[in-house]
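Pasting a structure here, questions to come.
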Amino acid sequence: MEKDFIGIDEDILAERKRAKRREQGVALVILSPFVIIFVLFCVVPFIMGFAYSFMRYDPYNSDYTAFIGFKNYSNLFNTDINVSKQFWESFGPMLVFDLVAVPLLMIIPFILAYFINMRPPCYKFFRACIYLPCVVSISILGIMFGEMFAGDETGLINSWFGTNIDWLGGKPFENDILRWIIILIATIWWQTGANFVIFSGALRDIPKSLYEACEMDGGGRWQSVIRVTIPNMRPAINITLFNTLIGFLSLYGQPYVLNTLENQDIFVSPMMFIQSYLSNGLAYAKQTGYLCASAIIFGLIIMVISFVERRVMEERHPTAKHVAAYKRYCDFRTQRLEPAKGESK
Amino acid sequence: MNKKFAGILCAALALTIPLTAAACNGGGNGGGEWWSTTGELEKNGDEIVFNDVGLRLASIVAGADKEAFNQIVAQFNAEYSGKIRVSVTTVGYESFEDYVARSVKQGDKSAPDIVMGHQSSVKSFLDYKVIQPIDVVMEQTGFDYDLNAFSMGINQYANAGTEHHFGVTVDAASMVVFYNKELLGQYSQAVPSTREELFTVCEAYANATGNVPIAWGTGSDFFTEFIMNTAVLQNGGTLYKDDMSVDWYDNTAQRDVYKKALESVRSFVTNTPKLAEVGGDDSSRLGDFRANKAMFYVTVPWLFDSVCQGYAAENGCTEEVARTEKLGATSIAGWFAMDSSKDYAKKIYCDAHMFNLSNKVTDITQKAACLEFMKWFTTNADAGTQWARAGHVSISNVINTKDAYKNDAVVAGYINKWYPDINDLNTVGINPYYQELAKNLRAIISEGLLKKDNSGDEELLRTKQNEYNSNIALWGGDL
Amino acid sequence: MNFVKGKRKLTKSEKHSRREKIVSFIVLAIASVFFLLPLIYMFGNSFKTDLDLQLHPGSLFPSPGEWTLKHYEGFLWRDGKIDNMPIWMLNSLWSSLATVGITLLLDLITAYAVIFLKFKGKKVFMNILYAWMAVPGVITLAPQLTLFNMFSSVIGVDGFAGNYIYIYLWLILPGCTGIYNMLLMRNFFLSIPNDIIDSAKSDGAGHFTIFRKIACPLAKSTMMLIVLFTFTGAWNNLVWPQLLMSGKDSYFQTVTVALTGFTGGNGYGAKGAAMATGVFALIPIFIIFFITQNKMIDGLASTGVKG
């Protein structure tokens, strides 16, 4: 940069330098609130958590504190210890649930957004209905679905069908498939709105001309979805997929509120495991380091999964480029209104 | 660029290490006495002079009984106006121990002087040195307070296994039974007091009407915990060993007891005709009792008012009539004892509240004031009655022998019928891993009740025993 | 299509679009029933008497003549003082709004600084943030709790008001550091053509003017998106508030934390009261929702989502 100014008056140079320094100062002032909060509430606790995971640490007794190397981690990976077994077992139900729930929470909002985009009568009402559950808090969701699917005759669904099914009972991988279906329904009910809103915004902004071009190519509805809609919504899909995935890996609220006595103490997600031991009486305080280690391992697993997800989504970038080319080509053609020869399929 | 990155990392580390170190503040004082005493006692004759001493009390009582507790404290404050003033902070069950330990260790201004928690916390409190012995204070002040005038089944744990006395157990609560006087009167002259009598009456009623005679909700936390533990005690078992581990399966005598206990509860459900149902909670079963279908209703004592009100509303009578004429009370003593001749057959497992003196208190006058409050609460008949009406029977022999307490309508009609002999009451004692214990015992009964026969019981006991032992080995910090 | 007979003959694409609308209307109507049913069920049942709840669990609304407000009694005023319920709602409401406000402000100014200001270490700063996005919040839970407790004794937090402010500080501020939102904002600012900024600068506008007059108005749709993400996130947050508030005065709780007492295996006690509590807790948020939803959703043009 400075090279450009060679030969210019010294004063101007100094003036610019001062301006630069001033800008530096302004930037520092502007950034400082974010940085301070970020360091205090994220960075420091993170490093502390990392440190604790290598320590025998009891928040109420400093005499107990000692550096013990990888002991916490070796305990965590030793499945002979029942608690460690619980930790690893808690991944199972969560992962299976995510495998089903994440795709559904992409597809269902997409379908609904697609229909909303057709602007049927009272679409604004429908839109509000679909988004509404997002502002219902998880505990109220628990009250509603818990009572609807209550295990005895007092539940809405049981009394509608005259059954006596224990919807929310059972144990993971044994007989609690119904419970997970209910949790899935409740989750779809609760979380569809968030993705739906983003999708419908993205859908609305796809130029009509692209569809028309596709139609002229002889592409049906299905083809227009594949070739125009989805590629053009890629940014929106990327964001929602990432958010949904990360959110569901930390599954906690739904199983916490939808359970019965029989399975309320069984951890079905690592988040439940950590949360339940973290603040549950003095009896657990001696193993705070162990709990920090389990949080770090869980965090690492989330990191790996989200990294893989991003990698997979990135690899399709060439396709996105292709789509951009296709889009330009379509724009060009819709303007000229003449089919290009030899190029159309 | 990398240098800068490393620099920032170093700065962050430098910031964190003192914080990490600082977070480990408030250490223990090693062995010996960890408490200290300051100040001089001012006496007027034999009486200690209190001059507007302010005390903070941390209470775990957070349910429907919270109001009653606050009122009793208000009454104390009124009586001791100008002398002692107690202010109550209610702390939720989940973090009660954390709260007390942290605030006392850190020396917070808001830390409690008196701790009213569950009895099971006393061992943890002692391990972390957040409470101090009260017998020492009594010696120092010459305070007159009989620490043995309590139901010893419960208060035996007040010394937490040491030579000192660390607390005063106040009350107890367990599952209680209401019965429908009219229905029972048709089938029996007396209220059944043993398991055999109970079965005879219930079977006669079930055969005659086709109704399920006992309404209970096996899906509630309270039911599973109280009933399972009571069944174990009534069959002569112990809940855990002295070293806090359990031998429910490994010890054949215990295994038999636990199997008997499971069977004794299960037989209510598997019996023909069926005497009770599996599942549901107190509120979903209450309907059967209010509609005069069920003869007995097993529930928790603090729902007393709502049971009477609900029954009165549905049967078109006043609450007073429902309480005195329509409904009666009996206890679960003997319900689960396979051999009713044994002396342990009438035992009832209870949950108990306990007063502890926090280690924050150093001033001698303040210590005496804390004791004064504990003494008042456990000897004042009025306080005992009010607290009993909120669902917590007094285990103080002083209160129990006072006429004002004994003659109270609710105490005479219900409380004393629910807990016929306070010396038969038992608690979980001083196990710091109480939550793990309760969790596993709850799991045993709720899983055991789902099975039709006892074929899976041994395996169930073995799994739960090993899980508990493995868990406490980790949480104890030995690993 | 019989019903269009006699009218002007519709073109193919008009017919097509009409059919489209009918199909989508039907699908959305069914979906709306699904999304409304649990709410209607809760609303209707909260007015049932205890007996009616017992006898007719399968009906959505109370039997005729059996409507009762019994379960709602005392929600606002109980025993001569304000009941917990309105307090919980206010707690949730103001803390969520504060989280949204602070997040927006922080994201706007930080993103502005990153894009429009030149300063040393910008690259390092951004690299750290990018790397941090991958760090899940769960790792910091336990140490955050330790810090929370430690500072409280260092500062000597005492009394009702002190505790309240302290807890809510810890509830709100950690929620404002979402890097994701900041990057959304940054990406948006990146898309503002430099010419606009340069011409404003040559007109003598300072950073504050550019920020206020150009950057903020342009960023409206991204702001909407951040509002949406942050508000629903803060309102539904359970894990962290649960840790902070357990064992504190019940006046301190948020609705989400307070109402977990009515659910699942904890669900002990009256069904009607649970329902009424749920309905009551939803009232303020629904009012806000119905006032703002149209603008908010409409304002969410996809320009906000540039991944």
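Letters are used for the chains, namely A, B and C, taken in the order the chains are written, and counting of residues starts over at 1 for each.
One rule holds for everything that comes next: a residue touches a chain if its C-beta (ideal position, glycine included) is under 8 Å from a C-beta of that chain, and two chains touch if they have at least 3 such contacts.
Treat the numbers as computed from the prediction; the structure is a model and nothing was measured.
Peer 1: State the chain with the largest centre-to-centre distance from subunit C, centres being mean CA positions.
Peer 2: Relative to subunit C, the chain with the farthest C-alpha centre is B.
Peer 1: Between A-B and A-C, which chain pair is linked by more C-beta pairs in contact?
Peer 2: Of A-B and A-C, more C-beta pairs in contact link A-C.
Peer 1: Report the inter-centroid distance (CA atoms only) between subunit B and subunit C in whole Å.
Peer 2: 40
Peer 1: Taking the mean of the C-alpha atoms as each chain's centre, how many Å separate subunit A from subunit B?
Peer 2: Chain centres of subunit A and subunit B, defined by C-alpha means, are spaced 42 Å apart.
Peer 1: Using mean C-alpha positions as chain centres, tell me how far subunit A is from subunit C in Å, no decimals.
Peer 2: Spacing between the chain centres: roughly 15 Å.
Peer 1: Give me the residue numbers in subunit B that touch at least two other chains, ranges are fine.
Peer 2: Within subunit B, the residues that touch at least two other chains are 19, 23, 25, 94-96, 98, 102, 219-221.
Peer 1: Out of subunit C, which residues touch more than one other chain, so two or more?
Peer 2: 54, 146-147, 149, 246, 265-267, 271 - these are the residues of subunit C that touch more than one other chain.
Peer 1: What residues in subunit A touch two or more of the other chains?
Peer 2: 44, 48, 52, 59, 154, 260-261, 279
Peer 1: What residues of subunit B sit close enough to touch subunit A in their complex?
Peer 2: The contact residues of subunit B facing subunit A are 12-13, 15-17, 19-20, 23-28, 30, 94-98, 101-102, 105, 121, 124-125, 127-128, 219-221, 224, 279-280, 284, 432-436, 439, 442-443, 446-447, 450, 466-467, 470-471, 473-477, 479.
Peer 1: Quick check on the complex: what are the subunit B residues that touch subunit C?
Peer 2: 1, 4-5, 8, 19, 22-23, 25, 62, 67, 89-92, 94-96, 98-99, 102, 106-110, 219-222, 281-283, 287, 310, 314
Peer 1: Which residues of subunit A touch subunit C in their complex?
Peer 2: These residues of subunit A touch subunit C: 20, 23-24, 26-28, 30-31, 33-34, 37-38, 40-42, 44-46, 48-50, 52, 59, 111-112, 115-116, 118-148, 153-156, 158-160, 168, 189, 192, 194, 197-198, 200-205, 233-236, 238-239, 243, 246, 249-250, 252-253, 256-261, 264, 270-271, 274-275, 278-279, 288, 291-292, 295-296, 298-299, 302-303, 306-307.
Peer 1: What part of subunit C is in contact with subunit B in the complex they form?
Peer 2: It comes out as residues 50-51, 54, 79, 121, 123-124, 127-128, 146-147, 149-150, 152-154, 156, 158-159, 163, 246-250, 265-271.
Peer 1: Note which residues of subunit A are touching subunit B in the complex, please.
Peer 2: That would be residues 39, 43-44, 47-48, 51-52, 56-65, 75, 80-84, 150-152, 154, 166, 260-262, 265, 279-287, 290 of subunit A.
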